[in-house]
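These notes open a run of structures that come right after.
Presented sequentially are two complexes of chain A, the first with chain B as partner and the second with chain C.
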Partner chain A sequence: MSAVFMWIKASWKLVLSALAIAQLMVMYNVQPVDGIPFGWRVDWSWMLSVWGGATLLMSPLAAAAVVALVLLNVNPEVQQGLPANVPRWKPVAHISAAVAVQGLAVQLIALGICSLVCWLCQADPRGLTLPWQLLTGPVALIAGIAVGSAVAMLIPTYWSIPGVLFALFLAHRIFFWHGWPELFTTEMATGMVTGGRPIPGFLAATTWLNVVTAVAIWSGLIFVTHRGRHRPWLALLICLVCIGGALGIYLPFVLADAWDTYEPIG
Partner chain B sequence: MIKVDALTVRYPRATTPSVSEVTLELTEGVTALLGANGAGKTTLLRTLSGALSPTSGQVTINGLNPYARRERTDALDKIAFMPQTASVPRDLTAVDFVAYLTWMRGKRRTPARAEALEALDAVGLANRADDKLKRLSGGMVRRVWLAQALAAQAGTLLLDEPSTGLDPRQRATMVELIQARATGTVLLSSHLIEDVLSLATSVIVLREGRVVHRGPLTSEVNESWLLSLIGDAEE
Partner chain C sequence: MRVSTSARLWRWPVFVLVVVVAVVCVLVFRNDSMYLPGADGRRYARQFVVAWMPVLGAVLLIDPTPEITATLPRARRVYLVLRAVMTAGILVPLVLAWSLSGQPVVKALYEGSIVCALITCSIIAVSLWQASGVLMASLVSVLWLLAGDTLATVLGFADITGQAMQVSALHWVFALVSLGLAAAITLRGAGSTRWQ
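The block that comes next holds the complex of A and B.
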């Protein structure tokens, strides 16, 4: 049994169900069409927007789950018993990967079900912006989980569980509605957007921003949690490059004071 | 064989070193590391296990330096450590936990699991192997930690207070297990002289981080003499 599967086996009852409920809650709560819930069924692009937008709840929950699992299972006291040549971040990486696999599985199943609904309802496909609409949600979730890993290792207290939950939930207050690339959670259309589509450059920037942020967090963690001699300088270099990359992606949008995230079709 | 030469370990921001100028040599057999709380036993064991770097001095394990980049993995393969903690990953089963640590030491998955089951059997927990660790008693948890050290199949075992905090029956079980299963070079720390006298063939006494006695456990070495060497716990 692989290490990741072992942690999935140890945590799925709580993690998988919490993430599935979060995904379902968001999918259900978006504005109905003709008084019937699941209004997004009339537009493929709207469906994908809501599907990825469920990270509004999923990212904070997944991050908090990582913190809770690490504190319960590989807290600093347990870490003292790990073989000395095992880096401190390794079991945390296994737990984070286990939570990520469960989150991505929930997203994949939800995507399958929602696609079936859209197909049965003969939804309008004109607003689709592929492949980016399929990528923003999963990478935002992974970046959120990376935050959970960092908090679990650097602030190992039980207060960190609600702390990371609220902090990541509030991230949307910073990143939404300005037209800036979105970190950790992605904006969703709460009403019908037929006639428009998400701007591909904006979605691409959001995707890459989350990717480089996740890599920056993890490489930074590998560097700062290293014990003993022989510091992993390559990890620090990767971290700095990724921070530079994140600023390079983010700042042009902020400086341009962009507001639009949608553009008319055609 | 472990050789320690003028080893000093000082924690960051500490005014005095926890281990000071310790020189010793460990060969086959059980050596007890005696000392009051705060004498530096755990620091010395954690340094020998490779978890802490020395401030000065040298440690070699079968001639290999556990702090040198190229020799570290080979050196640490020869050592297994049982920590003092009663804390364990609550959500894992006993066999998953032992197999996980064995796998992280570099063993392949299937042999790691087989060795984990064997080690749990050796400590009398074969029938609890699939139980989550949160369901095991304190004594059983200590035996799981011993099992992970045995599963490593290393030539040297470092056992940090293996019987501390256990009730008399659990303590007796732990002493029996160590007597029966711990082979090769064993260094065990304790402040329970009774356990030391029944387990060890030689003894090292630490006081305020320094070795104040080192030698075989002969009939002249008795409890009151050892107690006088140990002194009081550090405030």
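The block that comes next holds the complex of A and C.
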């Protein structure tokens, strides 16, 4: 825990400020209502959609931040010099955890402020889909950070910083028009969806897909970067089970050719 | 070993490859655009080149062996050549794109102003903060991709509907000031002790 706290102390000026800018930028960048920006203030569901949708910028940025911090502080030369009983992935895990804590703190503070604004503006609560709307954003951020950890360990070059940022930023484009569960970044409503609410099954699938993907990436990393004789086969087994789980979550939506992510209220 | 080796040996071929890919993209998709979720309008292929080339080029400026380079009698000239090659490599695909796409001159002036501003930001950020600078320059690029039309309206390069306007003296002033800044920072560097 102290190692994570040390990395937070060392990186908060860069990471916390960049993630806060990203969250604010996305919260601002929606249709105004009555000519006043931050239109989500009139609808709780819209607010949570934009709040979680800020992963559009936050996930790529957090992943790139992990790569930058690893290259600056524990690059492969440093990793090779670690004592044999310290796994190579351990310092990367500490950095990833530090970035994750800062990302989740930004999300928590933003949620508190936005909830206060919605409460003061007497926003419409009918479109809420709880608890899933509170979970999709944080788990997508954690999955994005896992990608950053993997890139930092497997492709340790400075090109990887903009590379992972741009790749994750554009990743949501691929299946944007489909109603399939979303990885790393979640969709958001840039305008008010009157009379509709997010489909709970879609949000639940998105949440679990990001969870099993993050676990699969990290267990795979632990297996691949292991040094010494006794391979962590349990990590490989967890990785394979999680990949299977991800396919199990994803395929029903693909086979059903799902398009809708919203359903009528009531 | 791998970071410094890869950076030392591979950054030039990789940058040449990036420039070639950018040229091919602007030739093949010269008038194609796509909807970017969260952005304030459609984005053309060349606008991705505008946003990303300065950051990808700036990676060239991270010196894998600054202590050794600093001892060279011609260290300043080495860094100047690095910055000049980076700027030229960024501008080649864009000049092609602007001349072939048939876009209004005012749009080319706007994108020219932005790419010069991004080159300036990238050189300063990467020279001063190395890998952290790449991260911040990448964030600025993505923010421009999301809010580029709004910025064009604020700067007077487009009206409220996003339509391009007639070229005015102000547009030329913006473009030339931005170009001058980029040229100055390319020639002089960012003033970091590592780079002077």
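The rule we apply is simple: the second predicted complex is superposed on the first by the 264 of 266 C-alpha atoms of A that agree within 3 Å, B and C clash if a C-alpha of one lies under 4 Å from a C-alpha of the other, contacts with A are read in each partner's own complex, and residues count from 1 in each chain.
In this text, contacts are C-beta pairs under 8 Å (C-beta built on N, C-alpha and C of every residue); 3 or more make two chains touch, one makes a residue touch a chain.
Here the structure is a predicted model, which means the values were calculated and not measured.
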{"item": "Fit-or-clash call for chain B and chain C when the two complexes are aligned on chain A", "value": "fit"}
{"item": "First (chain B), second (chain C), both or neither touched by A:Pro83", "value": "first"}
{"item": "Chain B versus chain C as contact partner of A:Val33, first or second or both or neither", "value": "neither"}
{"item": "Partner chain in contact with A:Leu240 - chain B first, chain C second, else both or neither", "value": "neither"}
{"item": "First (chain B), second (chain C), both or neither touched by A:Thr190", "value": "second"}
{"item": "Partner contacting more residues of chain A (chain B vs chain C)", "value": "C"}
{"item": "Contacts of A:Leu72 with chain B and chain C, given as first, second, both or neither", "value": "both"}
{"item": "Included angle at chain A between vectors to chain C and chain B, based on C-alpha centres and rounded to the nearest 10 degrees", "value": "80"}
{"item": "Which of chain B and chain C A:Ala258 touches, first, second, both or neither", "value": "neither"}
{"item": "Partner chain(s) touched by A:Arg229 [first = chain B, second = chain C, both, neither]", "value": "first"}
{"item": "Nearest Cα pair across chain B and chain C, whole Å", "value": "10"}
{"item": "Set of chain A residues, in rising order, touched by both chain B and chain C", "value": "72, 75, 77, 80"}
{"item": "Residue ranges of chain B in contact with chain A within the complex", "value": "46, 49-53, 66-67, 69, 72-73, 76, 79-83, 85, 87-92, 96, 99-101, 103-105, 109, 113, 145, 148, 152"}
{"item": "Complex interface listing, chain A residues touching chain C", "value": "14, 18, 21-22, 25-26, 29, 53, 56-57, 60-61, 64-65, 68, 71-72, 75-77, 80, 156-159, 161-162, 165-166, 169, 172-173, 176, 187-188, 190"}
{"item": "Residue ranges of chain C in contact with chain A within the complex", "value": "1-4, 6-7, 10-11, 14, 34, 36-38, 40, 52, 55-56, 59, 62, 130-132, 134-139, 141-143, 146-147"}
{"item": "Contact footprint of chain B on chain A as seen in their complex", "value": "1-3, 6, 9-11, 69, 72-75, 77-78, 80-86, 90-91, 227-230"}
